[in-house]
Amino acid sequence: MNMELSRRGFLKAAGAGVAGTTLGAMGFGEAEAAVLAHVRPFKLTTTVETRNTCPYCSVACGIIMYSKGDLRKGEQADIVHIEGDVDHPTNRGTLCPKGAALKDFVHAPTRLKHPMMRKAGSDRFEQVSWDFALDRIARLMKHDRDANFIAKNAKGVPVNRWTTTGFLAASATTNETAYATYKVVRSTGIVAFDNQARV
Amino acid sequence: MTNAWTDIKNTDLVVVMGGNAAEAHPCGFKWVTEAKANRGAKLIVVDPRYTRTASVSDFYAPIRQGTDISFLNGVIKYCIENNKVQWEYTKAFTNASYIVKDGFSYQDGLFTGYDEEKRDYDRESWDYVIGDDGFAVVDPSLQHPRCVWNLLKEHVAIYTPEFVERVCGTPKAKFLKICEMIAECSTPTKTMTSLYALGWTQHSSGAQNIRAMAMLQLILGNIGVQGGGMNALRGHSNIQGLTDLGLMSNLIPGYLNIPTEMEENFGSYMSTRQFKPLRPGQTSYWQNYKKFFVSFQKAMWGNAAQADNDWAYDYLPKLDVPSYDVLRIFELMNEGRVNGYFCQGFNPLLAFPNRAKITSALSKLKWLVTMDPLETETSRFWENHGEYNDVDTKSIQTEVFQLPTTCFAEEAGSLANSGRWLQWHWAGGTPPGEAQHDTWIMGQIFVRLRELYRKEGGAFPDPIVNLAWDYKDPGEPTPEELAKEINGRAIEDLRDPTDVTKVLVPAGKQVLNFSQLRDDGTTLSGCWIYSGNFNENGNNMARRDNHDPGDTGAYLGWTFAWPLNRRTLYNRASCDVNGKPWDPTRKIIEWDGTKWSGFDVPDIAPNAKPQDVGPFIMNQEGVSRLFTRGLMRDGPFPAHYEPFESPVDNVINPKIRGNPVARVFQNDVSQFGTSAEFPYAATSYRLTEHFHYWTKHNRVNAALQPEFFVEISEELAAEKKIERGGWVRVWSKRGSIKAKALVTKRIRPLMCDGKAVHVVGIPLHWGFIGAAKKGWGPNSLAPFVGDANIETPESKAFLVNIEPTTPPSEVVA
Amino acid sequence: MTEAERIQPGDAIHIGPPLTVDRYGPAARANHWVTAASLILLAISGLALFTPSLFFLTDFFGGGQNTRMLHPWFGIVLFVSFFVFFFQLWRANLWTRTDFVWLSRIGDLIAGHEERLPELEKYNAGQKFVFWAMSGLILILIVSGVIIWDQYFADATAIGTKRIAILAHSVAAVLIICVFILHVYAGIWTRGTLRAMTRGSVTGGWAWRHHRKWLRKLAGQHRVGPAE
Amino acid sequence: MMRPDSPRTAAANPPVQPMETNLTERDLIRRSATSSLPPPERQLTEVAKLIDVSKCIGCKACQSACIEWNDTNPAIEENVGVYTNPHDLTADMYTLMRFTEWVNPETDNLEWLIRKDGCMHCSDPGCLKACPSPGAIVQYSNGIVDFVHENCIGCGYCVKGCPFNIPRISKVDHKAYKCTLCSDRVAVGQGPACAKACPTKAIVFGTKEDMKKHADERIADLKSRGYANAGLYDPPGVSGTHVMYVLHHNDKPHIYADLPDNPRISPVVETWKGVTKYVGLAFMGVAAAGSLLHGILGRPNRVTEEDEEAAEELVERKPEARV
């Protein structure tokens, strides 16, 4: 992705704003030197930047994620900080209380890490393998579809409805995910198809 | 949004009604504060509560939830009576002059053609008089008694300031002050913007709330202009995208429709979709419907979609009901008529009304699959959490799969924001544990299912086995592959119709945008309105030029906005009949005598003469609709109806409960409460510290707003002996919850129809899992009924009772 | 006969030779030295936090954090041990008419004409002053000290109260240090006094010279211990 | 015509390449419990954070950004019926939105006053004056007052010295914590995290001079909207601050969650750290020196042979003694 822009301050493009000029006036050099231990060392030094947009509301603020390790180099990347993207026309680097704390959403203790299954009547989740979960789900789908698919209505008109299984789509997945989801769901004849926009 | 977030800085007046922008969209609200600081713009807030938006407003007025139509019709009446109308705009760009059929009328709160049995209207008479030339009859002088303008005047006549005060509880003086402030924006050089959200949609008359404001904006000439428009502040980061891509029971990507049983074949389906212009020389862009539909079918089923099988028309399901929306599906589920259910990044147990019913419905499923980066209450609906989720785990026979997905930080792709900007983002973090991309999960489920049908056959396998799925790795299509397919490409060489030797797009290449799509099966496109997002110029959604020529807030070089990178919809209406900007200081585009050009992509054919072609090209009329014909189930004009649960009767016709055509399931009728049992008017909302049910998993946001509470007035607290910070029980006909009491001056009792109405505010961010303290949400109490047109649940207005109580008991082992 | 004129239990004469008079029992002496020690520690740690020029004193306690942590505990020790002491001595330190006379002729004492002063009971006005000053100041110090003991009582009082407390604490500390100096010096200047707090007894001559009335009483009441 | 844009905290995104810090020991103008501080080699431009209360929507983005930038971990408390959370500043919460519901007696309209509380970075810092530990509190020539935790002894004197009741002592490591004005960010040309995050730019950061100019524009706008007493809060009692407020009711700062009307270092603290210290030292000195001198010059009070004999005599002829 194009990171050159990140260094090009917004105002250099859109006219100088107050602090833009003043911070220059305060004489900040870029000499390559270790930070003196007097103030806390700047914690983003030598981190990797990645552009993203906030996943919460529809303002879609630009954010920059700072990680230890570079995903694009195939490294393990651990996000250590997230901050607003100054170059973004809408949020101009600002973030709301949710966006400003995104790092702790990424690292929430309640993030899911493994496929889990709860058996009928059980009082617990048990870890299962992806293959087991996906094969089982595909089988359950086929079983229900084959049993309850409505190919034609009373008048003999092909209607191809599958009403006994439903799919509720997300509102924060990407358009690409949504489109792939649409294709899969529609191909099966599921009509109970809806998303967060409804509520 | 018709306009962009960054366009709000160009406004003179911001009206926040049916929303709470500062609290729900702080960084978008920045542009309101910019308009205030740099243009001297004013901010009006109308809300049952004095919100954080109100805290920075220039004028605040209270209103009883669910009565917005009375308020807005009142403002329309004020503008008409005081000649505060942008006449040139109204006459040229709306259907004010169209003559309506004689049969149409409105009496005792009902329009012509009501059938109480069906709870529906026969809308035949809700239409224009069509002349012998096949075009709608108009009277530009607006003298004809049956012209839309005069019918509108008649319709809003009852909405006097006194009526508004009586119904809405808004003091007359405050209402009139707001009328004056709004009326100022009827001049061509002053614009007003409307920022709204679920405060308008979550009502049984939600769609009409929005129509009422849209009509007001039209007569003020504020649609299509800088700093104007109807701006729906969508709730989630890609709720716009999922709607655009048609992930709904009755939709095909790009706002095309899934057929109904009536449309037995492709011919009958297309017959109702010719969209012939209703006035001479109009564009009526939907005439291209077939191109988009066929291109979609080709994207779905490739070679299996051919002219001779009507482009696989029969692969599509056909609906026997208007839609299998979430309310209907949970009704069916609760009746035991649904076996399997998928929740992809969704938490219905806390999101849908009448939680008791949702729990009982989920318990009747054979299997449930949830895909989410976080724990959700839904995936653990079977788990007993004491008072917080008191279920009998053993008796619940549902098999549940909880699949871990990646989150935004670990995936690439695009999201459509409220301003229709498709913004690409990049993955920067390693997913935790075995978490996988949703595309991987959907791909894996599909290839496995397809394999089963290939091997074993089964019920109508064709649409599954023939689905176009030619991705490099069928197990996980890449975001780029999918984005390109959405944009569309040529299947065969596309030749210039005027010169067949000229190849416009060679076979296999990306089309430039939807203008190159065809209805002969030579193009494919997953979602026509997005076309142009990823063409031969590359991924336009990843563009990052943040220059803004003319400082209009358009940012045409920044990512991609649908349609055709257009930032302000209907922007042709920013110019007068001759194509000159109403306000030269706020020019968007302009007609130079030969073509349209300016700072935004014109929302009209570049060479369409301003005097000939109307600005609203998606309408057959070429103009906007003050009178919406039969396109809405509950009336061509918005009319006042009370919520299904209301503290007062409908003053127009006390016999009418709620919206007369809203769908109500038999089982739910008995679950509506009366004001005798439940005297207080409850409403639900978000708080700025949290985002739905996600941030309660975040230690930071949990610290900023740790525990579930309800907000009540000091008056109600005194009456009920409720202490600030004490525990209260709030219950409706459908459920009971416990919360801390937040006693505030920001909520005051409203005088409605002679009685004091107390408002109880219930925020929605707590559940029984996460970092924040355990709690409940308003959906435990909300009624199971939706809007008459789009079935959005009436979560913003219902009745409850309240009393002091003891803390909730802890989890029973 | 006033409280002050009553003989203390444990006081007794030993015919000797040499003639000695018991003044403090082992318990009383231990008590005195614990008090003395804690007062010294308090003075050092307190002064370290009182003025930057003496901050180096924190090194004796292993740095500022430890000094801040220990000082209040020394205070508790001082308070407890001093008040045990207090209840043994307060009677003998009650003020009498003679004390005025004695004070009025204090000049003669300094000049070395002690014979010109009236005969005294067990304590002279100076000693009594030290005793009561210590009692009062320690009371002020302990109360104000607890108020500013943020580690445990940060939320107990308002900032305004804390500010007054810390001012009172420092003023009282200064005074008690002065009294301390006076006490120590008097003990040294008046030769033969120190042994009262080390061995517990004084010579007959010392008693005759400084507390003749006390000695007379002991003799008169046959308060004679076994001869060595 | 280009419309003026709001001031912003940073012209560009934070640097990730190593940069030389701009705040070093050489830039100190005050150092706690240190009399002999070498004068700074250069004078940095004074900076300031301006908080426009009239633009603040109380979203708490500043609190959120502060927690994330400073890696603090505030407790998840109970709801006690107010929006202010956590309920007070803590060693893990350096800044706090304080909410006040105030009915304006003149208009009878409710006003929801929301003030971002936190260190004001006074030009005359009471915390620094009170601090007994050399170098635990420092003041840079750009106005930032910072705590140096290696030197903090946790005595809590700063809490008593502060006219705004800001510093808090950690129950964990017993050190004092408060807003640093993100000295680590300012040191590399970035504004404070809270100002960067603030959605409505109610918090802006720049040179104090520019912030005052910006405040004037805001005050003019507020006056045009009927706030006759709108003004800048830059209290002279502490020689001005490097965190300033624009208040719609600058005539009564106390309505904003008890913002002091005329803050100054408490006279009690002044006395304690002033007079008491010197007079006290003098007293003790005199006492010590006096006794020493007397000890050297004056004769000690010795018991004589006569005294001893007199005592023995007394004891031997006991009965007669009773005269």
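Just so it is clear, A, B, C and D label the chains in written order, and each chain counts residues from 1 on its own.
Keep in mind that, in the parts below, a residue touches a chain if its C-beta (ideal position, glycine included) is under 8 Å from a C-beta of that chain, and two chains touch if they have at least 3 such contacts.
Note that the structure is a prediction, hence the values are computed from the model and not measured.
A comparison of the A-B and A-D interfaces places the larger number of contacting C-beta pairs at A-B. With every chain reduced to the mean of its CA atoms, the largest distance from subunit B is reached by C. Measuring from the average of all protein CA coordinates, the nearest chain centre is that of A.
Centroids built from CA atoms put subunit B at 22 Å from subunit A.
One simple way to say how far apart two chains are is to compare their mean CA positions; for subunit A and subunit D this gives 41 Å.
Subunit A and subunit C have Cα centroids lying 74 Å from one another.
Taking each chain's centre as the mean of its C-alpha atoms, subunit B lies 49 Å from subunit D. Within subunit B, contacts with two or more other chains are made by residues 26-27, 30, 551, 688-689, 699-701, 704, 771. In subunit D, the residues touching two or more other chains are 2, 4, 6, 59-61, 63-64, 67-68, 199, 201.
Shared interface positions of subunit A, i.e. residues touching 2 or more other chains, are given as 10, 14, 48-49, 82, 87, 91-92, 94-101, 104. Taken chain by chain, the contacts fit none of the simple shapes, being neither an open path, a ring, a star, nor a full set of pairwise contacts. Subunit A contributes residues 1-2, 5, 10, 13-14, 48-62, 65, 67, 69, 71, 76-79, 82, 87-92, 94-102, 104-106, 108-123, 125, 128, 130, 133-142, 144-146, 148-149, 151, 153, 155, 157-199 to its touches with subunit B in the complex.
Against subunit D, the residues of subunit B that register as touching in their complex are 9, 22-23, 26-27, 29-30, 33-34, 36-40, 50, 52-56, 58, 60, 551, 688-689, 699-709, 723-726, 740-746, 771-773.
Listing the residues of subunit C that touch subunit D in their complex gives 13, 15, 17-19, 48-52, 55, 58, 63-65, 67-69, 109-110, 112, 114, 148, 150-151, 154, 159-160, 162-164, 166-167, 170-171, 173-175, 177-178, 181-182, 184-185, 188-192, 203-209, 215-216, 219-220, 222, 224. The touching residues of subunit D, when paired with subunit B in their complex, are 1-4, 6, 54-61, 63-64, 67-68, 73-83, 85-86, 93, 101, 103, 109-112, 114, 199-202, 217-218, 221, 224-225. If you check the complex, the residues on subunit A that touch subunit D are 6-12, 14-36, 38-49, 64, 66, 81-87, 91-101, 103-104.
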